Structure formats: structure tokens, C-alpha cells
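The following block contains the structure, expressed as C-alpha cells.
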Amino acid sequence: MRPSGRNLDQLRDIALEPDVSRYAEGSCLAKFGNTHVLCTASVEDGVPSFLRNTGKGWVTAEYGMLPRSTHSRMDRKRTASGGRTQEISRLIGRSLRAITDMKLLGERQIRIDCDVIQADGGTRTAAITGGYVALALALKHMQKLGAVEKSPLTGSVAAISCGLYNGNAVLDLDYDEDSTAQADANFVLTGTGGIVEIQGTAEGEPFAETEFLSLLQLAKKGCASLTEAQKNVIEAAG
Amino acid sequence: MRPSGRNLDQLRDIALEPDVSRYAEGSCLAKFGNTHVLCTASVEDGVPSFLRNTGKGWVTAEYGMLPRSTHSRMDRKRTASGGRTQEISRLIGRSLRAITDMKLLGERQIRIDCDVIQADGGTRTAAITGGYVALALALKHMQKLGAVEKSPLTGSVAAISCGLYNGNAVLDLDYDEDSTAQADANFVLTGTGGIVEIQGTAEGEPFAETEFLSLLQLAKKGCASLTEAQKNVIEAAG
Amino acid sequence: MRPSGRNLDQLRDIALEPDVSRYAEGSCLAKFGNTHVLCTASVEDGVPSFLRNTGKGWVTAEYGMLPRSTHSRMDRKRTASGGRTQEISRLIGRSLRAITDMKLLGERQIRIDCDVIQADGGTRTAAITGGYVALALALKHMQKLGAVEKSPLTGSVAAISCGLYNGNAVLDLDYDEDSTAQADANFVLTGTGGIVEIQGTAEGEPFAETEFLSLLQLAKKGCASLTEAQKNVIEAAG
Amino acid sequence: MRPSGRNLDQLRDIALEPDVSRYAEGSCLAKFGNTHVLCTASVEDGVPSFLRNTGKGWVTAEYGMLPRSTHSRMDRKRTASGGRTQEISRLIGRSLRAITDMKLLGERQIRIDCDVIQADGGTRTAAITGGYVALALALKHMQKLGAVEKSPLTGSVAAISCGLYNGNAVLDLDYDEDSTAQADANFVLTGTGGIVEIQGTAEGEPFAETEFLSLLQLAKKGCASLTEAQKNVIEAAG
Amino acid sequence: MRPSGRNLDQLRDIALEPDVSRYAEGSCLAKFGNTHVLCTASVEDGVPSFLRNTGKGWVTAEYGMLPRSTHSRMDRKRTASGGRTQEISRLIGRSLRAITDMKLLGERQIRIDCDVIQADGGTRTAAITGGYVALALALKHMQKLGAVEKSPLTGSVAAISCGLYNGNAVLDLDYDEDSTAQADANFVLTGTGGIVEIQGTAEGEPFAETEFLSLLQLAKKGCASLTEAQKNVIEAAG
Amino acid sequence: MRPSGRNLDQLRDIALEPDVSRYAEGSCLAKFGNTHVLCTASVEDGVPSFLRNTGKGWVTAEYGMLPRSTHSRMDRKRTASGGRTQEISRLIGRSLRAITDMKLLGERQIRIDCDVIQADGGTRTAAITGGYVALALALKHMQKLGAVEKSPLTGSVAAISCGLYNGNAVLDLDYDEDSTAQADANFVLTGTGGIVEIQGTAEGEPFAETEFLSLLQLAKKGCASLTEAQKNVIEAAG
């Protein structure tokens, strides 16, 4: 039924490869099937000016795509700026800030760079899921060094897309599904099922409340699996 | 309980003033309390290159703020570009395209400009609600001129924000509420209650599914009132 | 004789609506017939770097147009930058600085934003005339608060355009006249008739000194009326 | 009385050196004392889109400054853009178009580049005066080649600044005078004394009509000398 | 002697991994030790305007760095533009054009994107060496499809850096060596030893002709090894 | 044999005119035949942030072209930025830093502006050669003022291009030669023959080591003449 042969509630093969960067304080190559996103966490002293002398830190994110990460090559300028790019960067940042205690972080900034090496749908959800791993590994590293006493993480966060495809609610859309779905929603959920962000869009016809609720149920299932994978890789790494 | 003294499910005073621009094919000054957004619809021959020779039209939107529409003056450059501005422009465009039959429109582009004259929270929802009126008036104007035979509108669309404020679900947040809400969600619904867009964000703590559903119920109520107001003004105008 | 039926020395209907912005320290919606310009004055602590530690303040202006303020829609980028926009911004700033005592203002900056809501010729003269009202109201507000002891205004300033239209010198050109005038001149005069700025341009044939002098006489008459209107609104407001 | 020892109505040493560029169709190095502006005229086939298929040509200008043309070095970016630069570019273009018959020019564009090699006040007037020579030489060259039958020039144009300095009306301000003048006006006049552009600005106090008229009389005298110099060099060159 | 313990004339571990991108017509991940550059070749119909209707094709390149490819994070904007980035992009393009017959390629453009995933010195030489593999694989692919009859390659090209480090001429500098070398030179050589580009720079003291010649000898040795590696991977792949 | 009739090893007529700018601390108009580059040295207090509090100074350069310095007019934006412009700016800066003792200079920055008035090939070599003269004159000026005790120059630097033209190695290519040369190399050498920079590029076929060496021999000869000319003008000037 699905182009990939997956079940309606089946994720793609998920791999979260930790410590792939020689230099970043934390890093993770997140693979959701053929979607590959390289996430790095860079710890910097100091914070943006609006936070100076507050004792609080900041987590921010930037999303980019390699020009030939997509079926046809994108202009390099479009990959680095533009509305969609900024929108996703802001979403990743908000999602990660939602589970970080800024007082415990102290006046430091952690920059999460999420660069899409290969895109096959769901790049923003892979970026959030992998970005969380990079962030957690960087904080683990800081704890080891004694730079922070206690982990500033108040929970974990993962993200998945769901959509209405051929009349069915399906989990984790790939590009083929995404480009023809009637509706497409991205869910960012904490490890305990709390809602951080919901973004749902009707691509053609408006959709009904019941349909939306079935997408939410799928998302909870998918994020639970991703949370499990995150936990495993973070415990093993570092 | 609410700073404005409104009931939890009470909209601000809503006014949709039609035909406020001497030149635009359709226009509406949308007032949600002290939030004032000037919406104009400009009809242009021709379409973006990806639609040429398809017989289909396009509806797009641009959102901007006057520098002193806000409590403290914004830099003029920030009002015209930047992530937030582009994100809202894209949202308005998608919302209006969702209720437009592009075949009936033909190879024309309608540009909706939404400029915030004064901002007191909820500017994007006022922009969508007023943008729909401007669009409908421009299409009515085109029908009169015989430029389109049948209205390309397949329905109407309105938008409202809801949020969790002091532990309560409240409708149509003003700036005071918006800046301290635990959660903030924008709903774009059709006149028949179909969902076009949902964007929910936890500002502090993640929120629960039940809380989210109570926001959705408030939004349906609010959008029903806005739909009524839109219908009245469009019928009377032109 | 004139498209509008006005006498050669007749201004359009002038309205200077004060305090139209909820947030700005001073504001005025200046209407010269169908030309509507929203002027706001924003008071900021601090001055540009070249004035730091001089005890002197600064007044600056920015001019913009809404994309559909004009007969056919302008590209939003063109409305915010470009040579004409900057030229007018600089003219407004110079005109207002000419009647402000910067020592009395102290190390503060007042930014005048002039945004054209609707354009039918003469937007820069409406902007200067309304910008003065916004500035005066902001300074009155500052005096009330005790932020300045004495008004930094050394006089008032107003502006009007004149031109050669169908061989006649006419006052306050509207768009129809402006687009076919042989010559077009903008005069910025103080309330006591002093010259602050003169900008005259031959659109087609060069013009003669005597013609220029007849434009100047008309301008004095027009600015006297504008000065009267400014005085009335400033005294009544605040 | 004047820092340079000049009489009140005395120009600086004027030199208009023709054909200084090996490549440009017309060129002139205009020296007004220590102000040196290199003016080149480049003839191009084709016109801007708004003139296509009208049979009419176009003359446009661009003004720039070398970074160390001034007392203290300017940032290179500021020399190429910015409000002042664009304002002057537009002024030069309008001045030269005022004496060009666009029908006789045909669908060609002539670009006048005016680059300030050294600045000692009055760069825009040297640019217009020298730009006219470059334009005239390029048109003479085109006539020789038979590209135009008849000269498209309908007259000549020159420009000079005047100002109120130490209470006196003086001609052709240098930097020392310009920076302390009470008023500063630029006049663009045709060879027969017609007014093309007048731009007068009070730098401190507003000035009176009689003062303005005395500046105009000086300007007529100065432009007459410049016209003579232009005529001589154009006849001799080419 | 060398920080890495390598012999003076020893390359780092070289790996050229072909076909790493699911979408690009040709691709190669070039690893020179810890320097990793992802190279993709994208084939496009059409050529830049200066080549239209000449029957000739074009090869061009763009170089970029991921923000955290380096020891300390670079600003994303600096990674995408700036003088160094453009200089390297131009060098890669020239190098690859030197071994491509543009007539045989026909009116097509091949864009080589070289994105640095991890940087430890020598990124431009890895980019050229890997870029050649990506180009060759794309052309092999085109031949298979019958899009070109004969390979447009007239040879192969590889690049290596050499430098004076602690008084010795050394091959293939890593970051530690590069940052303290007295001289640094990049050589782009064909598979048959022809010189395509030489760029030598004294970092501190100027260097002597004999020193320069010893760098050239090392480079020939290094490029011969790289040529061998390229040949093997191209034959095996596709 | 050469279009200009010069011998293979013959420079064009070289003129280095000192002190051509009224304002710059040092200046030189470098003429290599019809290539004319105006070089100015501007001394500024302070250094870029990476050198603050190190006691060291900095020398940097910016290269630009006047729009009609070339056969056909260049767009003004292209003359001020773009890859080629930045590449040459960086080259000039590196070349001049190579012979400057930054400790002796102290925490000052000297900016060398090299603006091409007329281009006939070899603009970057004229810029380096003339830029050195401007730098030396500025330093001489500073010594006179007592701003530096001892000259920070550790030597002199000059540059020349060589190329393979019609199968021969020729010195100092003009535009006609440059545009058809098989190879083109720029050499930056010190007054004592040390190598500062070498940049060689095959324009068509790769070239051989022996060919490259014959270019280097020509360059040494050419730079020796330029060094002599520099010495003469610097001694005479100031």
C-alpha cells in the first residue's frame, strides 16, 4: 500500500550514529531511511545580548541542506537562507530549548547545526531527533569536564511526521508519500509524551478533527520508538 | 481573570472594514481589538514560472509590520524580512490557497499584502481572517468585470489563536496574555470547520493531549464567529 | 482646468489626525486629499556614535510605502530601499532637524517613521508636514514627563509641492498633475516663512527664473495654511 | 575673506580634460580646483525594459568615490551605495536627460560613470559639468560613425554650487567652505540659462528668499563660464 | 619529526569512496586522513549565457564547509561566501575544465559541489582530487545512457599540498603542519605530470627557488599516487 | 612577434608616479603601459580584533576597478566584489605583509587601496608594485612624524606576470597576449629575489616543468627592473 512496502504505523530504518565529528562537543548522524542529517553541538562561552548577566544559557539551531542532497540540485544560496530554512531552524531551536534548564546551563550558548547530507522526506524530524542526541552528548561531555554540575536536560525530545496518504493515516512519510499526501503533520514530543510542537497542514482538502487525532496517536507511537533509540545511543556513547 | 476582563471563550471586539484602499482590487482593515492589519488583494496577470501554461492561478501573501506598530520600535529591516516574517507570509498564503480553485482562477496571481498597523497579539490570525475578505472582494470584483465566470472560492477560511493562560484554555490571546502563556496555538479553519493548519507550541512546559483538545474546541467556536462576520461584510460590500 | 477642479492656488483637503498610534510617543495621520501618510515619532535613549558624549540629540526619519499604496502594486523590497526612498528619508530628517535644538533635546534620538498608506502625489510633503506634528507631540509628551525642561523646537516646518501644469503655476499637485507637469518643486518652509529646503526639477523643458519665483510664492501661501493646521492640532492634542 | 583667497564670485581653477580614457566612447577628467572627477560615457545597444520598442533611448549615470578620495578613508561599501551616492547618481542622470532628445538617440543607452578621484567639495557639480562633456564627445563619436544622423543634444548643461558663507553669498564652495556654510545650493543650468535643477538646503538657520535669489544670480554667472569651457573643449576634441 | 609521525614524502591515508550520494550523477567522498570532502557532480541541460549556441559545455564548482567541520565553529555565512571560499571554488572549476573537452560534452553544464564535512588541512586538494572522481563517474554514467558518445575527459587531474615545515620539504600538510609552515604550495597536476595550477605562498620569510623546486618534486610523487587511486576507484565503480 | 612589438623579455613602459593623492599618507599611480592603477596607503589607529593587545600592526589591501576601465563597461557591483576582486585583494595584502615587520609597525593598520583606472592586462602586478611604493611612502611619512622609530619594512616587493604566448615565454603580458596565452603566471618577488607568491595557471593545455622554469627566470629579470624603479621613486619622493 505504501510505496516502501512499510506498514501504516512503521518507521523507516532508524540509525543514530553518535560522535561522528572529530571536533564538535557532541554529534550524531541521524538516518531515517535515506534521509541523513548530520547534527553537531558546539558549546560557546557567552550568550546573545538579551541574556547577558541573567545567569541563563541558550540553545539555538541552524538547519541547512547540501546542494545535491535532493533529487535535483538546489541553488546553494537557497539551501542556506530562505523562508523554509529559517522556519525549520527556529523549530529545532524551540524544541531543544523546551527540555533544557537554562539556569543549569549557565551563561553559555550551544549551537546545534543540522546539515542534510541526503533528503528523502522528514528532514526536520530527523534533525530534531538527532539534534537532541548531539545536545545530550555535548552536555554529558561538559559534565565530565565539570563545566556543569548537573545535566541541564529536563527530559528528552524526538520528532516524527505523520500524514494522510491514500486515505490512510501513515507514520514517518518518505519523499514519495510526502509529495502526494493530503495532509502532513509534524509532532515534537517529549520522552514522556508531552507535546512540544504540533504543525499540521492540509495539502489539498481541509481535514477533520478525527483524522488529526489519528495522526497524533501514530506520532506518539513513533516518538516512543525514537526515544528508546536515543536513550540507547546516549548511554553507550561518550 | 483575563487582563482584559474577557470571558475565557470571548473574542476581542472584531471589525472587518471592507474597501479601505482606493487602488487595491479588494481590501479589508481587520481589527481584533487593538491589533489592526491592513489587507489588500492585488490581481496580476501571469503566474510564477512553475505554473506557466498549466491554466492554473496562484494566491500568495506577504506579511509586514510598520516599525512602530509595536510597543518598542522595530528596526525597519527586521519588519520586512527575517524568519518570523517569512514564516507568517507562507502560512497566510497556504491558508488562502486551501480554499481557492486554481483552475477557476486561471493564469492569474493574486497577491495578498497584510501590513500590521498596530500589534497587540494575534497579528497572523487577523491577517488570515482579513486576507480572506480582501481575496473574496477582489474575486467578486473580477466576477463583476467578467474576468472569471464563477467564483474560484471553494469555501471560506478564518484563523484564531488559543492558549493556556494561568492554567486555563483561553480564546484570542492579546499581547499581555501571549507573552506569558504556557502554550500558544494558531488554528486556521474553514467556514465548515475543516482544519487547514494547526500550529501549537509549548512556551514553557510541554502540554498534554487533553489540553490541546480543549484549545481546538475554543478555536472552532471563535472561527465560527469570524466566519459569520466575514460573510456579512462580503455580502454587504462591493 | 485642474483635473480635480481646484483653483490654481488651492490645497487639497488637508487633515492632520493626531495620536493615531497606541504606542508611539507622538503620531499623526497626514491626509493631503487621497494621499495618506502615517507618521510616528519614537523616542530612544542614546544617539548615533558620532554624537556620543556631546550632550546633543538627533532626529532622523525613515520613509516607506505599503506595497499597494499605489495604483499598481510595488515590489515590497522597492518600497523599503532604493534611491528614491533614501532620498526622501534624508529630506524629512534634514527638515525636522532644522527646527530642533539638539542641545535642549539632550542625548536622545527621535526616529520619525513616515509610512505611506495611500499615495496620490505629494507623499514627501505630507510626510514632512505630518512628521512635524508627530515630533511636536512627542516632545510635548516628554515635557509633561519632565524628560526635557523646555521644548527643543525652535520653530515649525511644513512642506508643499508646486509645479507648472498646462503652463500654469499650481499648488499641491496630485498624481494626475504630477505625472504630466513640466516642472515640479518641493518647498520646505518654516512657520515664519524661512526656507529650509528647495528642490526644483524640470521634467521636460528647462524652466525660467520667473516661473520658479511664481512657484515659490504659491508655496509660501500653501505652507502658511499648513502651519495653521499644525498649530491647531498640536495645541488641541496631548 | 574666503579660505582660498578667492573673490566671492570667483570659480576655482577649472580644467576639463577630454579623451582621458582609452576605451570609453567619450570621457572627461573634470577638475574644479582640488576636486577631480573622472567622467566616462559608455554607449550600449538596447534600453531598459520600460523603453523597449518605443524608439527612444536613455541616458543614466552612476556616481562613486574612491575610498581615499576624501580626507579620511571611507569604507569601500559606503562609496558605492548609500543614500547620498544614489541621490547624486539620480541627479546627474536627470540633468543630462534634460538636454538629450531621446528620439534622436534611438534605442541605445548611454551610461555616464562619474568617479571621484579626489574630493574637495562640489563633486556633484563637477560630475555634471564633466559628464556633459563625456556625453557630448560620445555623441560626436557616434555621429562620425554614422550611428546617429543628427546630434541628440538639445542644449548643454553645467552645474555649480553656491552658498552662504560667513554671511556672504559665495560661488563654487570648496570643502572648507562647504563644511561651515549656513546654506548650500546646487544649480544645474542650461547653456542658455534655463533651470534644470535647483537644490537648496539650510544647514543651520533657515534662509530668506532674498538670500536665495542672490545665490541664483551667482550660479548663473558661474555656469556661464563653465558653459564656455565646455564648448571650447568639445569643439577642440575628437 | 612530523606531528603525525609520517615520512617527509608520505601522504596521509587516502580513501576515495565512490557513489556515496543516492541522487547525484557522480559522487565521491574524498578522505585525506581526517580531512573529509563530499564531492557530487550534477549534470544540467543548458550552459551559462556566454556559451549558448556554441555547442560547448561547461564545468563549474562550488566549495563550502559545514559550520562545525573545523576546530572551532565557523559562522554559517562565512562558510558559504567570502574571499577564500570563492577563490577555492574558482580553482576547482579551472582544474576540472583543464581536462575536459567542452565540445564533446556538448551544451551541458556539470556542477561539482565540494562540501567539507571535516577539515584537517588540504581541503582544496581533497576537493579537486575527489571532484575529478565525481566528474568522471558522472561522465561514465552519461556515456552508459548514450548522452555523450565519447568521454569528454582528456586526462585526469589530482592535487596535493606541499610545504616547508621545520626547514624540511614535506608532502600533504595536515592542519598542525599547515598552521606553522614557512611556505605552503598547492599543485594541481594531470595524470601524466602536466602542470595545471601552481599556487605557492611564503607564510613568513620569502623562500628560494631551490626550495620551491623540491616542493614540486614532492608534489609529482604525491599526485602520481593519487592518480593511481583515482583510476582504481573509477574503473571499479559504476 | 608580440602584438606590441616588444622583445620577449621586455617590460612595457613603466612609470611609478609618487604622491598623486592630496590626502593619502602615501600614494603612487603605477603605469605598466596602458594599465594604470592608483594606489593609496591610509594609516589608521587600531587593528582588527584578532590583533588587539598584541603590539602588532596589520597591512591589508582592497582592489577595485572603475566600471569603464575595461574595453566594455563592467557592472559597478561586479567591480567591487566577486571572487576575482577578493582574490586579488587578498594577494596584494599577503604580498605586502611579507615584507613588513608588524612589531615595528605597532598597533596600527595600513590600508592599501588599489583602484584600476585603466586596464590592459597585469592589473594585479601593477597594484602590488605600486602598492609597495604607496606603503613605503606612508611609512617614510610616519618616520618623519616620529610615529615609528625605525622603518617596519624588511625588504621590498614587486610583481610581474609571465606567460606562454605563441609557444614563447614572454614577460609582462598585455591584454592582447593575456587573452590568448597558453599559460599565465604571476610572480611576487622580493628585492633580493626571494619568492613571496607564485600563481601559475594553464589556460588551455597543461604545461611542463621546464616551461614553468623559463617563466620564473623571466620574472626575476622583470622584478629586478621594477625593484630599481621603486627604489628610485621612493628615495626621490617625500
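For this structure, a couple of remarks:
Labels for the chains are A, B, C, D, E and F, by order of writing; each one numbers its residues from 1.
In this text, a residue touches a chain if its C-beta (ideal position, glycine included) is under 8 Å from a C-beta of that chain, and two chains touch if they have at least 3 such contacts.
These numbers come from a predicted model, not from an experiment.
Think of each touching pair as a link: the shortest run of links from chain B to chain C has 1 of them.
The minimum number of touch steps separating chain C from chain E is 3. Taking each chain's centre as the mean of its C-alpha atoms, the one that lies farthest from the centre of chain A is D. For B-C, the equivalent interface within C-D, E-F or A-E is the one where over half of the contact pairs agree by residue number, namely A-E.
For chain C, the chain with the farthest CA centroid is E. Centre-to-centre, using mean CA coordinates, chain A is 51 Å away from chain F. In terms of their C-alpha centroids, the spacing between chain A and chain B amounts to 28 Å.
Of all residues in chain B, none touches two or more other chains.
Taken together, the touching pairs link the chains into one ring where each has two partners. Circular chain order, beginning with chain C and continuing to chain D, reads C, D, F, E, A, B (contacts as defined at the top). Residues of chain E that touch chain A in their complex: 21-24, 27, 34, 38, 40, 42, 44, 62, 64, 66-73, 76-77, 80, 111, 113, 115, 117-118, 120. The touching residues of chain B, when paired with chain A in their complex, are 82-84, 86-87, 89-90, 94, 98, 155, 185, 189-190, 194-202, 205-209, 212, 216.
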